[in-house]
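Chain nomenclature is as follows: A, B, C and D, assigned in order of appearance, with residue numbering initiated at 1 for each chain independently.
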């Protein structure tokens, strides 16, 4: 595995669905960032399941235990680490999964990669549950970015054929951000939320699942961030975003629409506004040549439908080498898009923070200092 | 800048559009891979401009000079390096570009990032010309992969509203591969090639440019390759693909279509075929949980229209802080999709080779050996 | 901080002396390595303090809690993580350390680096206590190496003016390894152990501390491992060894003696032995040009005397900017060399394992397999 | 191979002794550093051979050709690259080296690592000639550091039994620096230079070679630089220093002497001096806990005697598996210590620059700017 991310920050995610604990370490954070642990817990709670009838009835307490890296309410320069204990694990027989791989899951390639040593219980390290430590680290990154006035905002933009309105891609309307957190499903348009709800329940009823898309915007990133060719801001977001289980596509700004656009349509004209250079539109999604333009970074990820469905599917029995039908048992989300919203925010925050730190563009206010001799020399 | 890529291979790309030379070094290749330098040159020639009326009339000789890393026709274990001299550079005044940034180009963010030290001549390091050394390195990777029976095949899948048929995503039909290399534009369907040609010329006539999409398939990668969560095969391809100038979107397999699919539709059922486990369909694009399934890796990138257009656009004069119109002069491609085809192949080859090497899955045949004592101990 | 190590493995160490817990994650281990947790605990116990009168009377339980990465007694491919809870932390006032930095400690540079946000309690992340998670990870690496017949063996080679005999640098004599583990201090020669004991107690009595050296040999590494120029086996060991607190010097084979040697003395002649190419001597310490020769990797690290001494020393009062005397209080080791022995073994094991994995030279026996279709394709 | 170095800078070194060219790319330099190419050439000339009777009579022109990364006399943000053409390569038969490996050289382990694909001509990538591109990159780093008032100074501290005086480890006396560059051998003490000269000629006469040590100090590095545990300033210098061919040992400050020191001797007391916190001594060599103290970084490397000697040595004939005598032919340095002096400076400069950049502690003066709207936002 290679569950590590970052050039300047060093994120490590560990744990299996049914191991003693899951968690993360996050090294490289500057000292002196005030951390609100209650806000961190609240952020992680946004991805917790079991909140309504569109997610798995499995309840996960998901209490974040901080082990290190925080002193006196601030990052202290030492690596941060936190864990969540795995308590609500049904003890049952997973040997069937070893014999008959679930279509759309990592069972088969993981078997080839790790042999029978692979921990199949609950999906092992491939479980969506591993997005919880990603949220812990991302929640920390969000608090760090907030120090610079940077905010990250994602919403369910699509479920099946239902689409939400787009986030305003030039500034964040307060009403948009508010709506996302208050609607039952994290949409901007309450009507879209209602229709998505219906779509999900309908899929659930048919023992099926449904896919969707999450749109995310990062507001307030200054122009000039990112290291082309291969550590541009888009490369960094792409590198981490495809680590979120179920992500199969990623596009920035106008995204795939650029394929059918003309240069005269797609180019974002510049203009002066309040004495600053601004983009009149944001087809670029906030980045040109891998470097931020000062406009919001806007991207969209496609999430495939949960592969675990109770409907009968075709698979193979590995010991016999014969075709065999399979119905996946257990409690599964008919749609994981709602729960993926904070995960996408977490991933975006980590990528942007890494780029800012690597470019030396992250200044922490000086510590309350009693030493007149302390100079940055 | 961070023009380096790879965990196990170490690619470095250097050069500006008008510097003495452009080139690359590629470290970490196993010794003993036979390298055909003529085939390498031929591969690089596929991205050369000036071949027909759809690309810039600028002619670039682009002769690849190998500096190191090859001995007796094989990789020798030492880092490979090669350069292309920059000969056909029109000596002219680029100071206007410093004053008035071109919309859709990196001029403005690069100015913020590097100040006036940025080498604007010909686009500097942001020039599409830097994809030439990417092709050198990728061409080498392709020859390495060929040793394992792995082939990479891309084509223009879209230009404007015209689309080509899709590459067969379960096996490579010889006729497909042949057509791509023989049509005037690298399409599978000659009719699509003709329509795209018309679309491009029409845009060119209107002093405009047009976007498109390239589809790429990697055939023959064994199941079990990739290191989730963040170095899965998709993460790696994403990391490098967004380093290709103009790429604004990336999707694997069914891609963004998964957002409107049901699990029962999207899951690829397994079946036995000739004593092997196979996927009946390939919506996953050859990867589950970041690990290859044995099916072809299929992905698609969206390329924005060339931002350099002769039509008048709105920009700003930086010294004055005033709005000002701009018409970009010079010889520019009205559509870079055709030339991007080998570039996308190169990027895919480098990402796949890196994953194979990191997983210890790349075996070179033993050297012609006269030492009975040489044992891998 | 950058408490991460490895190209192919990804080690992260976290924790402060007085945080909730200290621990590590270790990503990138192949699946299928049998792990004996009791042996791991026993290895970690070798660095525990409080065993005799030469170390701090502070007792640390140091029970290793494995959180993830092990299933059915084997590595499962997912990242390994383990923690040790910090229980025996005296709650006391450390504010004095903020005001008057201890000579020889990281207090002053850490203050400049992290400001007053630095967690000074017990030395924070700079505490020797952080070598405990290094031992956990290294203990795991040792068990992995044992699968390949590779063993690592270190001993106290020097304390003050007392020196132990050298490890045989061509093969491991069983009696040597045995003696090291059975003597009160980990020496080969019991007489050296006794003299070192006297030296340490004498320093302790004078409220002083004393330095030393640890010698380490890695037996059984095949020839051909290491990636010059900058990831050779020596670079890798050096990279991690200087992360062990107190290490101020590192030498391989003849080490600094080479400065006064002639080529005719220093060159290790080759000869045939049992049909194999062998080195007759091992001045090179097992590596030429960064690549292993098949002879044992032998190195020696210098460890400075514990900076915490009760004797009065000169320091400054940061708030006042005045000179001020300081006597360090608390329970401190008069000599940390004995406890450093397993730490050096751990560091060596991690560096060698990383090199072996990166070179694709680590084969795990296939898993007990019931699938006839599982082929490495 | 892994001839790449750096976290924030990305150095790649390429070339074999007899390939078309040798060179380097250096990515990640901030834009705006003024580069004096004549001074760069002069720095590289310091390592050139053939200057007197203590080095190889082989003459290497070693003209540095810059390919990219410099515009208008300053770094421009794009990767720097430069090459040296290999002109003075005697065309002769190297097949003997394939058959009978030279003791003390990388021939044998490289054969195991790369098979017969290894380019043995002139030592291939293992040749000391590859320190030339290291000097190019290091020379650039030195010019970057000079912008911050940081200077690097090394000298031959030992050859055989002859030792030079030590560099003052608290400040650089101008007379010391001057003497080093003006003496025939780069020593501080002219008498030491004379004695070393005699020692080298005596070894040469006996068809032998002799080892030595280089001491290096970096002056002016501010306190607070370095990222413990594994990217501390010592780890970084160690990581690159062991990539210099022939280095077998490395020590900081008091180095191996600490093994026989007491804490009361070794600890560097703090005092106030001109309103600043200073170290009264510098046994630590400028670093505590991996972080710089503000005192000079002082280290010493041991260099083994050149393994190529004309005296008969014992080796083996690989094809036959029999013992066979060997006398190395060709023009070789009887002592490479003098030529290693600038190489050690180059390595130190690269490591320190990388640490400074990663800590965001490298500020380039703003570019001559005509844009009132350019704000770092």
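The criterion applied here is as follows: a residue touches a chain if its C-beta (ideal position, glycine included) is under 8 Å from a C-beta of that chain, and two chains touch if they have at least 3 such contacts.
None of the values given here were measured: they were computed from a predicted structure.
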Chain whose average C-alpha position is farthest from chain D's own: A
Determine which of the two chain pairs, B-C or A-C, is joined by the larger number of C-beta pairs in contact. A-C
Distance between the centres, which are taken as Cα means, of chain C and chain B, whole angstrom: 44
Could you please state the distance in Å, as a whole number, between where the Cα atoms of chain C are centred and where those of chain D are centred? 27
So what's the Cα centroid distance for chain A and chain C, whole Å? 37
Indicate the residues of chain B shared as contacts by at least two other chains. 1-4, 7, 13, 28, 110, 112-113, 125, 222-224, 227, 272, 275, 277, 294, 316, 318, 321, 372-373, 376-377
Seen from chain A, its contact residues with chain B in the complex are 1-5, 7, 13, 101, 103-106, 108-110, 112-113, 125-126, 130, 158-161, 203, 206, 208-213, 222-232, 234-235, 238-243, 245, 247-272, 275, 277, 280, 283-285, 287-294, 302-309, 311, 313-316, 318, 321-323
Can you name the residues of chain D that touch chain B in the complex? 1-4, 10, 12-16, 19-23, 25, 27-28, 31-32, 65-69, 71-72, 74-81, 83, 99, 110-119, 121, 124-125, 316, 318-319, 321, 366-374, 376-377
If you look only at chain B, which of its residues touch chain C in the complex? 7-8, 28, 222-224, 227, 272, 275-277, 294, 357-358, 360-362, 372-373, 375-377
